[in-house]
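Heads up, the thing below is written out as structure tokens.
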Amino acid sequence: MPVTIFERVRDSFTQQQFMATLGASLSAVKSGAVEIVVPFRADLTQQNGFVHAGVITSILDSACGYAALSVAPESVNVLSVEFKVNLLSPAVGERFVARVQVKRAGRTITVCAADAFAINGTEEKLVATMLATIITTNAIPSRDLSS
Amino acid sequence: MPVTIFERVRDSFTQQQFMATLGASLSAVKSGAVEIVVPFRADLTQQNGFVHAGVITSILDSACGYAALSVAPESVNVLSVEFKVNLLSPAVGERFVARVQVKRAGRTITVCAADAFAINGTEEKLVATMLATIITTNAIPSRDLSS
Amino acid sequence: MPVTIFERVRDSFTQQQFMATLGASLSAVKSGAVEIVVPFRADLTQQNGFVHAGVITSILDSACGYAALSVAPESVNVLSVEFKVNLLSPAVGERFVARVQVKRAGRTITVCAADAFAINGTEEKLVATMLATIITTNAIPSRDLSS
Amino acid sequence: MPVTIFERVRDSFTQQQFMATLGASLSAVKSGAVEIVVPFRADLTQQNGFVHAGVITSILDSACGYAALSVAPESVNVLSVEFKVNLLSPAVGERFVARVQVKRAGRTITVCAADAFAINGTEEKLVATMLATIITTNAIPSRDLSS
């Protein structure tokens, strides 16, 4: 029975114990478009009570990896090579969502642009943006996403 | 009584609740040189059992911010503007340490290069490297380090 | 007589001798949106006959600086702090255009995303993408754009 | 007759017409360490008379590519995937030199850190720093270095 993109991404996400530690969940999975959301929690903050840049980066990175995976052939896995993050505003909000756009899906290299938004009620504010490079690899169970 | 660099960094670090969530601690603080260490824990991993890139990025980011703070005038605070991380090897080890070098400390902008190493017994392996831009701001309690 | 954004950008661009060396010209200037175009020339190539990444980066960088300038107060100048470029495809074409989107215009820091396209006849192909950090400074004639 | 690293790098460099346009030359080639130098010329400047960030980036990028090539197997070529540059000081000087350190040479991905210095008489000043990702490819004549 073929595995759908959604199942493939969800199964891998479920195995990312750090996402559970952050309280993060997959909120959307389509071909080339993945969303991950994390609610505010005091134990995710830095010294001013804002959510730490590392938390925002973590969901941006995982979202980029899964967006790349969602457009890759089924036998292939993905690995984060590098990313750059600009922190645009303090991460203040009820929850935070990372949304990805695949800029270019290549045979070996996939490049993703992702934005993170703080959500308060019905308002969204851009708090960070990522540009990430992901490499596709043959399916090697021990290295199928960034470490 | 003047506050030492060590006290200033330690006090801010203690308020970063996310560092406690990760189990991270300050292992060295000197002028222009800060080290943060995080022991391996299963709940910090991605789907292959490696420590998540977001964890490594979190300690690199905090270390860069504090290294910038350690060379800034006392009345000044710091804020991460952006960083780039290259993931060089899977983060496998007993613990992980982030070490920073201030490349240039300017009046407004400080640039830091930081490396993260996996430690196994007495061996260290480079697993990631960061190049980060930090801005110094007048002391505004609500924005004194990256969010 | 007030100076328009267009005049301000054009006057500075004209003084960038390196743009003339590359054969680059301003092809569009609006608030928050600047385009720079450079035609193919053999003396801009690397060893395979593609236009060198440095040429593409040069027009992306200048375009980002001018986009930031176009949304800044009149008394302010801008300076490139840093940028990241992903090279997505070989730069093969009749001419190349850099197009910028201001992601966030802050009081001190402006962040721009820019894409470079290769143009062949009526076709455009994305060849590179930049994420750049620009700092606004008080008008200091000797440092008003990246060096 | 085997080709030395020096010959391999020099032959490719000679074919980079853009390096000649800039007046750049190879000043050192060893395994894992390449230097490229460019003398000041007025037609390389931006509007304040400093050398344009794009010029400095061009020699940093070529130097990173050749440093990666210098540690790669002979049958392999290299291609710039992406780079980040921090501009640390205005590029003012008689000449500018890019110096590279290979951070990690992998089977597929090589990561280089490079610094650019302005030279005035016997003094050197750090003006920019690059962190770059290079991919090794099988020898395909048409794509053997960044475009």
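Worth a mention:
Labels A, B, C and D are assigned to the chains in the order they are written; within every chain, residues are numbered from 1.
As a convention for this text, a contact is a pair of C-beta atoms (placed from the backbone, for glycine too) under 8 Å apart; a residue touches a chain by one contact, two chains touch by 3 or more.
These figures come from a predicted structure and were not determined experimentally.
The interface formed by C-D recurs in A-B: of the pairs listed in A-B, A-D or B-C, only this one shares over half of its residue-numbered contact pairs with it. Relative to subunit A, the most remote chain by averaged C-alpha coordinates is D. Subunit A and subunit D have CA centres that are 33 Å apart.
Centre-to-centre spacing of subunit A and subunit C amounts to 29 Å, using the average Cα coordinate of each chain. Inter-chain spacing, taken between the CA centroids of subunit A and subunit B, is 21 Å. Touching of two or more other chains is recorded for residues 81-82, 84, 86, 89, 111, 133 of subunit B.
Listed in rising order, the residues of subunit D touching subunit C in the complex are 12-13, 15-18, 20-21, 42-55, 57-59, 61-62, 79-87, 89-92, 127, 141-147. Note for the complex: subunit A touches subunit C at residues 84, 86, 88-89, 103-104, 106, 111, 113, 126, 129, 131, 133. Taken together, the subunit A residues at the contact with subunit D in this complex read 81-82, 84, 108-109, 111, 133, 135.
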